[in-house]
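Each of the next two complexes has subunit A plus one other chain: subunit B in the first, subunit C in the second.
Now for the complex of A and B:
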């Protein structure tokens, strides 16, 4: 492990898969996930499908927040736009292979729309602007009944891939997994390119990036477009997974879930997206499983899921701000340098409050 | 006349928005944290009021004082337990903690015996009465909301202008490090700010309770108070009040004159429009940050 950390060539920073051992590891993990439908029962497989979909959506959030440093409280809107674009098109008879990219494109268009006025805002103001946008989108979808059928809900037809119907959970899981892998590879490659480095420069310091010649307007809009497009793809898949969509499914809670996903997973890492998605999907299952072990007085409370969600979110940020991936990395470092690690190695840096106002 | 009627009822709701926005801004100015649980603190304040007045049977005004004090104590506890360990960490992490806190509060209130998941009614001495000014009929609830807001704002203004603690708070909000070097106890002030902010939230919650009932989702109004705070520049107390009033009145007029559905999104449309033209809010100062 340690030899990989020693960089002797600039190319090592850019390579996608570092070394043969890593390639083999990825191949094994990939094979495991492809074989999954034949290893577990349909209910658990369905959860894994959700994880794939959430990971794609979280990837969009990660590009925005984790790599460009733009806070978006409006991911639910992009998810809804993707879902309803796919829904409306497929109800009209457009095949899935066309509807999926269209969902991404329309969401990207919406992303540019919110990204352009958002150019002049950062941090808090951007968060509120995207939040407002999400509310407006939700209301538009509820009212635009000729296309979306409003709160009556839209029934999704089965997806077909070049005449091959995706009619079973198994096939749909493999489809989602495939799209997730494509998206992950795409973003990983994007981050190795000048565009990705510009994103990271903007995240680390807007002013410094601007001074180095990064055009904030172009890159921030691009980041919004990419983030929204990925979330739009996820929306289209989610619509198929749920088979029945209503505007209420894309409320503010979904936006907060997306935010939690990237923070708990680990900001600024692609592994974190998958870990975070698994966390968001599996947490309610785990809590439901634990219900049986708790005393009745507690287990019968309706709010217990939300409470656990809140507590775990708070604990994560106080105890492990690097998220699940951060913890994984510090564990790995601990073992690779075994006797030499001290508690101080993983201590968090604290700083005096740097005001954004002065 | 109908127009004026709508303006008055909008102004009353606007005052509630303004009070919640005020809570955001107090905490933001002192600690540069956005407290996403502000609306939920308001909800807890309303529950405390309901407990004191309806469950324990205290007289209304005593009950209100107990509820406000109780919420202020809750604010102190939150600051001590959750916010202290976060001092010096990135602002975004702190925001996420308050989001988690909001979830926690919303679910915890449904577990309290006597509160549960039902909606409750807070009885007040003034419910159902109206005030007639010529042709204008104003319900007493609205009058009380507007009056209390005016008094509260005057009180806060005097506090920040006239008292040692208030001036120390202003200093700490302008430059934390310099204020610390001048011997201002920043940590203690931050605790006090949380107590004040929670108390303001409780007052808003208790005033709103006769209009909306007391239930766990009442705090979502906090999300509507955001646009109010942002419209006002998110750092300026007069701005919050103007922002809140603008929102409340526009919302009320939109509900009456525009097609159904516009009422709920007026706040957000207005906010987006305002942000496009004034990215720092109506009362914000635009200062380039030094690197």
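Now for the complex of A and C:
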């Protein structure tokens, strides 16, 4: 660890993975995830596919809320736009390799559309505007039957990659994993570039960002475009994963899941996106497992999952605003200084989400 | 030739005329200080110059360009940087990242080269870091380089904010009460730095300041304002002895 701290060239600041130990760790983690289809059965692998897809969608939300400080209650709309763009194109015979970027682009276009008027809004007003946008998109998809088949639903053909059919869970998982890694790398690159610094500047102080030459209009719109594009990619993949899509699958609860994902994972961290996605996908499994243990009157209530999501979201905001990743970091710090740690140095700094953003 | 030329600047908030027909000129090698009691309109003048407020009337000319109607983000691009009275830093970013944002106006790389971190961006980023580290050294912030702002004490934050403004390599620096909240030792270090900024870096400084010792120590020209109007202007000693200024500060 110490050798990494000695810097003799600014180029050392520019590498994504500092030092051999970290590179080896990432290699091992990567190998584990690539080998996963041969290690676990198809049902669990399917859950990991969902985690990858949700992580890509959550990445979009993280860019928006976690890095630019713009709240969006309309992520379900971008997901739906991505899913239906891919669905409509592929039904018409367009190959998956074209439909996937198209899904991202169309969603990005929608992101710009909502981003431009949103320039005059922040916080609660932006939340309401994006929420209404999500309702409008859901309604349009339901009514535009010639393209979307409305509530009859759209059946997705198998994805093909340059003539190679993605026809098994195994192949589809690897595809989603690959796209997730590419998206993570792209966002990580943006965040350590001028664009990422401008986003963070807007999040932490709009007035200072402006005075240092950041054009709020351009960067907020860009943030919306990137956030929407990523969610659009995820939508296209989700459509393939579900094989059958209807408008109801992209309701308000999906937007709330996205919000929960980034807050629980840890606002302002890329690790948090993956942790948060795992949380969102695995929590219903845990609840299903616990159902048998609960008294019937509670276990058979509808909406138990939604309630659990809500309660956990509130608890994280109050107790651990750093999310799972924040908790993980303080644990690591605790162990790295193990015999010499004192409780006080690991107490959380009181930094709630700034109220003016809400 | 003045670097900043303010002509008959006024702003009215409802019935209150916060700044009334203020005119002054800042020369390129000057430390120009605005003094005045609380509520005199000093910060309002700053916010007008950095275009956060829309003037009711008047004209602001910076380096020969009329900036009266320019949006605030273009002001930085023209070479003007500022600090804030109540420190506006990026709380959850490190000191280095805060200072690097000062290079924002010099960023040239396109979206794709940032997405893929192409060699051209790498070169830019390296050059940005050279400037940023130079400024960090000048402001004595080396040991805090990787610390997020929210854990830092007040005096250090003040220095980070000044460092961020310097990283822009401006021609004119606007400092809103640079010494407020500093210990006497820190204030002395500040006086030294302000002179170094003027003499070594060749940057003009326009500042609002309450610490009259610091004002006399560094200012080339002092402007006294009260209730939005200019009381007097001139050398530091002359202004501080002027009967109107004395009256504004301690009454009849």
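Everything that follows uses one rule, which is that the second predicted complex is superposed on the first by the 313 of 358 C-alpha atoms of A that agree within 3 Å, B and C clash if a C-alpha of one lies under 4 Å from a C-alpha of the other, contacts with A are read in each partner's own complex, and residues count from 1 in each chain.
Keep in mind that, in the parts below, a residue touches a chain if its C-beta (ideal position, glycine included) is under 8 Å from a C-beta of that chain, and two chains touch if they have at least 3 such contacts.
Everything numeric in this text was worked out from a predicted model, so none of it was measured.
K.L.:
Touch check for A:25: first (subunit B), second (subunit C), both, or neither?
P.N.:
neither
K.L.:
Looking at A:208, would you say it contacts subunit B, subunit C, both, or neither? Reply first, second, both or neither.
P.N.:
both
K.L.:
Tell me which partner A:332 touches in the superposition: subunit B (first), subunit C (second), both or neither.
P.N.:
neither
K.L.:
With both complexes superposed on chain A, which partner does A:268 reach: first (subunit B), second (subunit C), both or neither?
P.N.:
After superposing on A, A:268 lies in contact with subunit C but is clear of subunit B.
K.L.:
Contact-wise, after the overlay, does A:135 reach subunit B, subunit C, both or neither (first, second, both, neither)?
P.N.:
The first partner, subunit B, only.
K.L.:
Looking at subunit A, which partner touches more of its residues: subunit C or subunit B?
P.N.:
Of subunit B and subunit C, more residues of subunit A lie in contact with B.
K.L.:
In the overlay, answer first, second, both or neither for which of subunit B and subunit C A:252 touches.
P.N.:
first
K.L.:
Which residues would you name on subunit A as touching subunit B in one complex and subunit C in the other?
P.N.:
Touching subunit B and subunit C on subunit A: residues 205, 207-208, 351.
K.L.:
Given the complex with subunit C, which residues does subunit A contribute to the contact?
P.N.:
These residues of subunit A touch subunit C: 10-11, 13-14, 16, 186, 189-190, 192-195, 197-198, 200-201, 203-205, 207-216, 222, 268, 349, 351.
K.L.:
Which part of subunit C faces subunit A closely enough to touch in the complex?
P.N.:
Per the stated touch rule, the residues are 50, 52, 71-77, 81-82, 84, 88-93, 97, 100-105, 107, 109, 111, 114-117, 121-122, 125-126, 129-130, 133, 150-151, 164, 168.
K.L.:
Which positions of subunit A touch subunit B when the two form their complex?
P.N.:
Contact set of subunit A toward subunit B: 71, 117, 120-121, 123-125, 127-129, 131-133, 135-136, 139, 142-143, 205, 207-208, 252, 256, 259-260, 263, 301-307, 309-314, 317-318, 321, 348, 350-353, 355-358.
K.L.:
What residues on subunit B touch subunit A, complex-wise?
P.N.:
31-32, 34, 82, 85-93, 96-97, 99-111, 117, 174-177, 216, 223, 226-227, 230, 234-235, 261, 264-265, 267-269, 271-272, 275-276, 279-281, 285, 287, 289, 291
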